[in-house]
Amino acid sequence: MTRRARLWVLTAGLLGTAALFAAACLRMPPFGGTWHPYGDRAVQAALLQRTANTVSSVNFDQRAFDTLGEESILFAAVLGTVVLLRRTSGERRVTPQPASVPPAVRRYAIAVLPLALLIGLYVVAHGQLSPGGGFQGGVVVATALHLLYVGVDYRALERVRPVGLYELADGVGEGAYVVLGAAGLLAGSAYLANILPLGTFNTLSSGGTVPLLNAAVGMEVASAVVVLLARFLAQALEIVDEKEEGRERGERRKRE
Amino acid sequence: MREALDDALVVASLLFVAAAATAAVLTRDPARQAVVLSLLGLGLALLFTVLQAPDVALSQLAVGSAVTPLMILLTVREVRRRKRRE
Amino acid sequence: MTVLPYLVAGWIFLAGVHGLATSRHLVHAVGCLAVTQSATYVLLLAVGYRRGGTAPVFSDTPPGTPVVDPVVQALALTDVVVGATVTALLLALVVQTRKRHGTVDPDELSGLKG
Amino acid sequence: MNGWLVAAAVLVVAGLGPSLWGAARGGAGRRVVAQNAATLLLCLVFLLLAQGYGRPSYVDLALVTSVLGPAGTLVFVRLLGDEIDAPPPGLRLLTPLVAVGTPATLVPLCIATGPGRALLKLLVVGALLVAGGLVTSRALRHA
Amino acid sequence: MVDRLLPLIVVVPLLGAAVLVGAGRRMPRLAAETVACACAAASAALACAALAGPATAVSWVGDWRPRDGVSVGIVLVGDRLGLGLAALASVLIVAVLTYSWRYFEEPPRGHAGAFPALVLLFQAGMCGFALTGDLFDAFVFFELMGVVGYALTGYHVEEARPVQGALAFGFVNSLGGYATLMGIALLYARTGELGMAQIGRRLDAAPGHDALVAAAFVLVVTGLLVKAAAVPFHFWLPDAHAVAPTPVCLVLSGVMVETGVYGVARVHATVFGGPGGIPADGTRRVLVVLGVVSALTGAVMCWQQRHIKRLLAFSTVGHTGLFLVGVGLLTPEGLSGTCLYVLGHAGAKAALFACTGILLARLGSVDERELHGRGRDIRGIGLLFALGGLALAGLPPFGTGLGKAVVEEQAAWLPALFGLVSALTGGAALRVAARVFLGAGERGHDERETAGGGEKEPETAGGEEEPETVGGEGEPETAGGEEEPETAGGEEEPETGHRIRLPPPPMVSVAVALLAGALAVGTVPALAEATAAASFAFLDHAGYAAAVLDGRATGGQPGHGGEWWTWSGAVLGLLSAALAVVLAAAAVVGLVPSRGWSAPLRRLHSGHIGDYVAWTMAGIGLLSLLTLW
């Protein structure tokens, strides 16, 4: 299609969709209403399960199967990225040049790194109590490690990041979620049933299986994000095309 | 009074998000778009907080403030690196 | 005010789609897809909001306080994860597109026609 | 009348709005500066909201922002390095913003909170904000 | 007991994938492939065992059983059709894993388990989507299917086209998924529920249809129709299926596209089928109109292809259109006929792809003209390919023929449509078989000469004897602009790494088994009976809700003996098969008119992501018009 034709089709579609959606909005219940039947039931169920953070109760207990699917999506995406960004034949690894970073930035990165890790672990651990949980904390942990890349050097990051180990942890995290779910079946209840003692409301050990599932997710997410970023970093910094590299070397020699 | 204030915060963040989304679409250069997307992420986190969803705000912050920009910029860098060589 | 949040969600969706369809750079297109998706977060959370309610987290507020709908929050969380993973995967494909096709302009990709 | 929420609303309209304006136009350097200002402002807004809503657990948002915000800015500085015109326009505003905005928000909050674990959290956030703000503006200047 | 084990159908492949990734670096290839096969087979066995069990298995994950008809949990519903689809998907996955046993060249170092792990995740996505009774959960598994699908499609990153096809797949499918999620949010706003049965009941409690329900319907169905590749949402499919690794094509064409149709049917039956939903006329109009257009577009485009995988992909578009028509009739007979058709089609289409994979592995090309006569020494494969083509054309007693016959009895105009589409798609496959395996007809330059002077067909691969010399480095031979839009198949790389001499036994046996399956669907009366009862129960809007929420089991309805071959149906099947043979013969001897007339339609398939997105939005507009009329 020519650009003009595409624009016509697009405009017609957008106008149609806009009209439909606007008509639907006018029939929506007014914003901020009090009628939330599922939400109210979920709050009651969460209190009965002694989980202070209802969102975590929904995520890891009431609708834990959704989270299993969600973690599998993340897992699949990381696996897919590893496959898609693999080093192909005709490509070679090079050692990236060290970067020059102002010393203040370097000091900041090294000082904040442990603190950021701590904050990440705190967010994971308090998932069933306060806002946060495995996903959020896991991403913070992974980001914290990459402070070494942005603040120090790629090689510093590589030293704390044996990718194979993180791939293993990724698999273990996903596997742990699946197996914890199966424990419910073995205990004679349903898959992903909350079979552990519920503990005392508003303490770190409350909520039965919620903290365990939460920890499994945290582990998977942290390692998944590390593996994911490792592939992108390797593509941008390490992997070069042999043909292009040869051409470049030739040019350099000519100049010299 | 309190409800009016809540509404004002919601409206302000909604407009911020709508503006940031529009700006992100209109910024055609991907590296600069990444900056606007980062602001969209921050705006969304703010909107989620005033909609009383701190859990979602936290995950939006975690994903949108560093990880997504890092992926986008690394991609842009890879794309440009090859462009320069040709 | 009663429909503004829904309309904003619709606007974001359409704006993102417009950018996606007219994009001249695949990385920009991926960004536009992320914008499109943020419409779904906004809509979900707007649907679950309750005026005067607070977050459904009872660690620092007594049970019985009116709270907003926790279910949509759980859905939005899942949605955020989906968005991040799709972005990552598409960016990976863009990197390979650049290598194999030598371009990231959708107008210049011509391997599959008819 | 909830002064904290009013202050938050003012910061959103008068602070985040202009940041978006700054980030949406112009060169890369100016945009990154605006992004950095936005993370700082957002962190302050989170603190005010936590106090205004009477929900101490919302402080976690500010805590995470105070770490990830500067990290995000450093990502931009690192990977956009050659595009950022040194010193980027607007950079001069950044240091006063950190130096004035952070204490102006944190001191009243600390007074309202009173001694305890919550105060410690606030102080950590404040320290991270100041350190992050100073380091990012240094990094931007040398980009 | 079956009830409780239902989640394991989804979970076992997930566990397998986790093991493969966790131990991937240390695992030898043989072990990885064995683990994958075992997990897929275990899941398939579970699905089949559940099919043999009581009428509808209902499993509340986490034991959150409903109280007073409402629950906070997620339900998995193993009714006949859902379980049947899960079983079909699992069996095809086992076929794929067997087929690709040592098929690929050495996998990337340290990633021996990556391909089987992705395939297992794909299986989990499809099974979860088939079994779930919760709308949001369906979205989650929809996305899982999508994410794995993009990665598998782009698996051959060394080549140019797979990457582009995967991108188109990714963008359009994600967009469709987000539209679905918007629709789910609208439904949640109206009903405050996420379970399909619960949403349906809430909608029925306040009958009367308005714009909100209509918009929710349109948006939810958009994502599903994107997956089902209905026109104008179909553009991604030929791009993706033509370039994905051949084993993956087996699943993509054989069952993933059909899950989209299943999703539409499921959502209609459980959510929008009641008095508070969308009037039956509206749904019927939407599905039948889109189905007819898709069927015709797919059939015409299929006939025009020379890239064999792309040809088969377009035939999938055509057949999915027929499925949509069958489902869109909203009668139990239409649905049960469609089910048989889907089963037969899965066998036939997967077998055709399996044969194409053997061609690619042996001859290094999937281009019809380039392969002309070069398949003479593997006539056995040619026979299989021709049988697959005849099955597509609806030859009795293949399952496709039975399904087609059952649906055709529903309305007087259906035989014409079904006959035409089956004949065109089957005829295209037969044409390929005749040219490649018998060397019949000219080498294929005839069409260019008859195309007239104005249009020049850029063609370089046709004259090359050794495809490797062009492979990889050669620019795609299609030029843009106003020239003939066409995708040739010459520059594909053999996926086996080196050319194989003889077709390896696993590949051939998979193709044979798949065809045998397609034959069995049309020859085992018990299957047709079961399908008829299952379809009747499937469309029971209130019965589904009662079974899920009140625990009142709905058994198979008595008095629905099931449809079986009739004389007219068999004759119609023979006719369409004969027409396919005639068309193929006419094409081989050069009696078919020039292809210039179809150029505008082919030009629409531009490979441009912006175009595809624009069409998707136009499709949403079209759906709203058809729904609201």
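Going in written order, the chains are labelled A, B, C, D and E, and every chain counts its residues from 1.
Note that in this section a residue touches a chain if its C-beta (ideal position, glycine included) is under 8 Å from a C-beta of that chain, and two chains touch if they have at least 3 such contacts.
All values reported here derive from a predicted model rather than from experimental measurement.
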item	value
Contacts common to chain B and chain D (chain labels)	A, C
Central chain of the complex, centres being mean CA coordinates	C
Centroid-based (C-alpha) most distant chain relative to chain D	E
Approximate Å spacing (C-alpha centroids) for the pair chain B, chain C	10
Separation of chain C from chain E, taking each centre as the mean of its C-alpha atoms, in whole Å	27
Between chain D and chain A, distance of the C-alpha-averaged centres to the nearest whole Å	24
Inter-centroid spacing, chain E versus chain B (mean Cα positions, whole Å)	37
Residues of chain B whose C-beta touches two or more other chains	2, 6, 26-27, 34, 52-55, 57-59, 61-63, 66-67, 70-71, 74-78, 82
Chain C: positions in contact with at least two other chains	1, 4-5, 13, 17-18, 21-23, 39, 46-49, 51, 54-55, 57, 59-60, 67-68, 71-73, 75, 77-78, 81-82, 84-86, 88-89, 91, 93-96, 99
Multi-partner residues of chain E (each touching 2 or more other chains)	136, 140, 143, 147, 150-151, 154, 157-158, 182, 186, 188-189, 194, 603, 606, 608, 610-611, 613-614, 617
Complete list of chain pairs which touch one another	A-B, A-C, A-D, A-E, B-C, B-D, C-D, C-E
Touching residues (chain side chain C, partner chain D) in the complex	54-55, 57, 59-61
Touch list for chain C against partner chain E, complex	9, 13, 17, 20-23, 26, 29, 33, 36-37, 39-40, 43-44, 47-48, 71-72, 75, 78-79, 82, 85-86, 89-90, 93-94, 96-97, 100-101, 106-107, 109-114
Chain A to chain C touching residues, read off their complex	6-7, 10, 14, 17-18, 21-22, 25-26, 28, 30-34, 36, 38-39, 42-43, 46-47, 52-55, 57-59, 63, 66-67, 69-70, 73-74, 76-78, 80-81, 84-85, 129-131, 135, 202, 228, 231-232, 235, 241
Touching residues (chain side chain B, partner chain C) in the complex	2-3, 6-7, 10-11, 14-15, 17-18, 21-22, 24-30, 33-34, 37, 40, 44, 47-48, 51-56, 59-60, 63, 67-68, 71-72, 75-76, 78-79, 82, 86
Complex interface listing, chain C residues touching chain A	1-7, 10, 13-14, 17-18, 21-22, 46-51, 55-60, 63, 66-75, 77-78, 81-82, 84-86, 88-89, 91-93, 95-96, 99
